[in-house]
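What follows is chain A paired twice: with chain B in the first complex and chain C in the second.
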Partner chain A sequence: MTSQRLNKLTPYMFMAPAAIIMAVALLYPLGYMIYGSFRDWNPSQTIGESEFVGFKNYITLFYDPAFRESLSVTLTFAFAVVTAELVIGVGLALLLDRNIRGMSVLRTLFILPMMIAPVVVGLMWRYMYHPTVGTFNRWLKSWGFEGVDWLGQHALLSVIIADIWQWTPFIFILSLAALQSLPRSALEAARIDGATAWQQIWYIKLPLMMPVLIVTALLRLIDAFKVLEVILVMTEGGPGLSTEIVALRISRTATEFRELGTAAAMSNYLLILLLVLTLAMFAITRLQEARAARLARQIQEEG
Partner chain B sequence: MPHDWPGRFRKRAETLSYDRQNPAFYALLVALIFMAVGPIFLMFINSFKLDVDIIGGTTGLLFLPTIQNYETALCDVLWYEPEHLDFCSLKFGGAFINSLIIALISTLLTLVIGCMAAYALVRFRFMGRDTVSLTTLMVRMVPPAVLLVPVFGLWNNEFCLDRDGLIGGAIRDTFGGRGDVCLAGTHSGIILIYVAMNLPFVIWILQSFIVQVPRSLEEAARVDGAGPFQVFFKIVLPLIKPGLAAAAIFTFRIAWNEYLLASALSDRNTKTVPILIVNNMSEFNVEWGVIMATGMLLAIPPIIFTLFASRQIITGMTAGAVKG
Partner chain C sequence: MPQIRLDNLVKRYGAVQVLHGIELDMAENEFTVLVGPSGCGKSTTLRMIAGLETVSDGEIYIDGRPVKDLDPKDRGLAMVFQDYALYPHMDVASNISFALRLQKRPRAEIDAKVREVAELVGLSDFLARKPGALSGGQRQRVAMARALAKDSEIFLFDEPLSNLDAKLRGQMRAELAIMRQRVQKNMIYVTHDQIEAMTLADRIVVMNGGYIQQQGTPEELFKRPANKFVAGFLGSPPMNFLGATLVREDDMLMAQGAAFKVAIPADTAARLPTSQTSVILGVRPSDLNYNSEAPDAEAFDLRVKVSEYVGAQSVLLCECGSTDITVELKSETPIALGETLRFALRPEGIHLFDPKTEMAL
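After this line comes the complex of A and B, so read on.
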């Protein structure tokens, strides 16, 4: 009898620590943030002392050109890096999916950039982009070109390049894994039928990799909204607002302008945006599963 | 499970014969390696240069290497006083130790707790299972910046031992201070948020490994009279070691590299290395050599992990994404 009751309690005992920690340190703070976003709240007050202002923070933000600017910078940044990384990463995977010596060494070297701290990545690139000391401008000058004002006029592009350097390997490794797990029979059949390399890539490899690619791209997209340290170290959001992504603006609103309520409302906008993306990801995976199941059933019925 | 994908078998079967490739292909490989590792190598080289050499532009490898930058960075933990320094302003050693404490403890806690939760989610049907599973998935996408405001408020004002309470009062009487003791500014405060932040990801990754453990093994152990906890620790844990390694590396990496939340929660004594680097970067006159040395020191642990456990990292990455 006691052992039976113990068995019933077991899953809860296994689950409890994680559930408690996530409730206390994730869900409660999120609720607190939503509550705080309806208040005029500065860091010297506790939340109880702050004044309730309704949707004021949200409405002010909605008409705030600076916030709109940083929202558009964030979206530009996220979609630009994901597109570029997808094209380069998948391209490299298709090119390097060969039986060559030292492939594992190559993969090891490729994952180095993403393991290194974003702060350090920002630091390295800030040095390389430096107008006088930096590597790029030195090269340009030694070849007789004018130096480029990387972090000034082309700040957003420079930041995007740094992110592409750091995260293309992620897409590369995942698409390589996907490529190597493709059914060999399909590829063999295509080869026997005389498909050219391009035809194989276009009609067989890419469509078969698609499920993995979509999930990878969405994961990367969600992560691209989390980028903060690289940009903070490289440009601090400047010059002007040209690289001030929403995450950076939240942190500045909270610490520099001392408007916690507004920062909370901003966080909430960002969260809603990410929620939509995550839901899209769910919907797509569900759809794919359903399609795969239907296909499997069809094959069974035919066989 | 990723490591018995057909790709692996194919590779193993054909390891003996490699295809010959066109020379242009090898040139491309070299260029790619140069691009991936070049910036890191550049930082490594520069960390051994004096600022004069970095700014003066002695390009290439023609310079006198010096460890002076590392001495400046680590001056508070060196057993001797470096000659070129009058005053040790950069407390890097202390920050390094803080980072180490926070990253190691939070990784350990996340793994133990996450492992148990993942096991419960895979092996048991219980009330609320679907809710928990869905919540875990959803909170994975929350960016640290969104947590900044509430965590700052809560850790400073709510998660405190009250000044009127017994323990808080005792602490005030012994140490003085404003009376209430809060999570902000302590190691545990930062550890708590890192554990919470990493749990969803760890649970997610480990689930895909636990599913692979044959149920019959566990049932056999149970027939032999093992309790649920014994089964978990003696049968399941040893079998999912590769998954644990991957999860450990990813958790450590995030806890070790994180800047934003640590900067909001830490005080003078609990600063971590990323905070130190950012603070030094925002000064007007950047001392490139020293900064590069601190950056290199921060990058060393992840680099070591990558070189020795790249297979586990790749396994973890594919498990985390492909099953998404």
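After this line comes the complex of A and C, so read on.
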């Protein structure tokens, strides 16, 4: 081997440990799951003893009304929370983007929910939603209203509210950062051009924040598809299947129904969904970069 | 065609006062240039007129109407910012037409206006571009076009040329002077570049440390600076200042320094209070001419320390006793470093300042 060849290989040698760890920690379980999803596999068997069934797990799931229900709950949940969080988070950021005394304290308070462990959030809200001793119903009753069956009749809405409470701050801080990095003088120019506060938001601030908002929304969407703990603690997916999101159904299929193959197939469906979203996100960033690069080239050509 | 009047304008940031009672009257269609060193409060004054900064004290009148508490949009003005402040997500045409679209003007009128001002500033081929795809000079033109499209009566400029390279700045300065002739409006222009100030202004306002030092036509300020600061600020290379005592010799008043003694013209001498014994003598490099035959009482003998070649002229840094003096000299004049040369002083070129108050005498 010549020293030149050796030189070329050096970087790969340094990368090897990381690559090996990645392969073991990431690719192995993934491959295991994909392999398992094609088998009729019971937890008491080793994977080698299980029977190969081809796409049976996927096909069964595709026609399984319970899985479809669970998928639709997940989609409803994810899109509802992300939409609401975007509206509230961006709204709050627009409202609090000013220099008033005490604003930094207020901002810190706003992002507290995000720092609480999801299980704790679930427990907290479960207590607050309790039909008789819960905070909400006690308030309602003290004001002379009927109590609401939060985690029964309105279970999905209730978990959506809890998630909004926890994750709006995420959108809020990112929007606030985006807002504060907007060109100040362009906003001043808009004021001189005659834009009202609303027109400044609509025509200048929101369009300029859009790239950040799109990426933030996609991140939240991906996260919302995988939410588990809060709902597990609050409703365990019930009543019925009304709050049984896919992540919860996967864990039940594996533990209660003891169908590891089906659970793996379900995970793969979820994975495909997330993959599509992630690719969409990359595509958007790449598009933006490509556009910026094209503009830079255009300027250069003109000298 | 409004008049603008600043009445005892004060700006405070917390305990710090940055403007100390600015008094200024701007006539109709006047091109006023605020000029001064960095941090003297030019931008603050302009931004207060625009309504982007609050007024701590005093009042701003536009056409006799107090406007201190009006929103920027209700003051009827247009502004060009130092960093152009274009809307990055809008193409050039949308940038220019933004104000008109907010006013809900008819589509056809807006299109016509955009074409008209784009033509005026030479942007017609770039209407569909975003600002990110324009060069600095082109962005500058868009900012100008956007201000023109509004048909405001008052134009404010905050160092609009300072982000351009020297050559482009000269070109844009000339274009601005041409535009100025076509567009008869009130313009207030902030700059720290004295060439811009001298070439564009009807009236120059020299500021320093939050105070107005002097205002007047460029010629007035150049020929009769009110104090040492203004004298030193305007003119390039800057005026030389030399400490001198006044001595009387055969009915002639002479200013005597460490290595010179020059006669003060009779009319200037007549103005001086008799109690005045010492002065600061101010002499612009352009008022000193190389002339070995000059009489003693109208000349400086200077020893050349450094010669800076800048083309047809060279700028010489010379020694006169213990102080340094800059003079200009045609580059072809054969001189050697260390040589002592005689420079004749034009009698009109003598400026005297009080050493304590630094006011002109």
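One rule holds for everything that comes next: the second predicted complex is superposed on the first by the 274 of 303 C-alpha atoms of A that agree within 3 Å, B and C clash if a C-alpha of one lies under 4 Å from a C-alpha of the other, contacts with A are read in each partner's own complex, and residues count from 1 in each chain.
By our rule, a contact is a pair of C-beta atoms (placed from the backbone, for glycine too) under 8 Å apart; a residue touches a chain by one contact, two chains touch by 3 or more.
Remember, it's a predicted structure, so these values are computed and weren't measured experimentally.
Superposition of the two structures on chain A shows chain C fitting alongside chain B with no clash.
With chain A as the common frame, chain A serves as the apex of an angle whose CA-centre rays point to chain B and chain C; its value is 90 degrees, to a multiple of 10. When both complexes are overlaid on chain A, the residue A:59 reaches neither chain B nor chain C. Residue contacts after overlaying the shared chain place A:274 against chain B, while chain C stays out of touching range.
Touch criterion not met for A:87: it reaches neither chain B nor chain C. Partner contacting the larger number of chain A residues, of chain B and chain C: B.
Contact with chain C, but none with chain B, is seen for A:189 once the two complexes are overlaid on the shared chain. By the document's definition of touching, neither partner reaches A:287: not chain B, not chain C. Once chain A of one complex is fitted onto chain A of the other, the partner contacts of A:204 are limited to chain C, with no touch recorded for chain B.
For the pair chain B and chain C, the least inter-chain C-alpha distance in the overlaid model is 6 Å. Overlap of the chain B and chain C interfaces on chain A: residues 183.
Note for the complex: chain C touches chain A at residues 50-52, 71-73, 77-79, 81-89, 98-99, 102-103, 130, 132-135, 146, 150.
The touching residues of chain A, counted against chain B in their complex, run 6-7, 10-12, 14-15, 17-19, 21-22, 24-30, 32-33, 36, 43, 46-47, 92, 95-96, 98-101, 104, 106-113, 115-120, 122-128, 132-133, 135, 138, 165, 169-170, 173-174, 177-181, 183-184, 212, 215-216, 218-219, 222, 225-226, 228-229, 232-233, 236, 246-248, 250-251, 254-255, 260, 263-264, 267-268, 270-271, 274-275, 277-278, 281, 285.
Of all the residues in chain B, the ones that touch chain A in their complex are 2, 5-8, 10-11, 14, 17-19, 21, 28-29, 32-33, 35-37, 39-40, 42-43, 46, 54-55, 57, 59, 112-114, 116-117, 119-121, 123-124, 126, 129, 132, 135-139, 141-154, 157, 192-193, 195-197, 199-200, 203, 227-228, 232, 253, 256-257, 259-260, 264, 274, 277-278, 281-282, 288, 291-292, 295, 298-299, 302-303, 305-307, 310-311, 313-314, 317-318, 321-322, 324. The part of chain A that touches chain C in the complex is made up of residues 183, 185-186, 188-195, 199, 203-204, 207-208, 292, 295, 298-299, 302.
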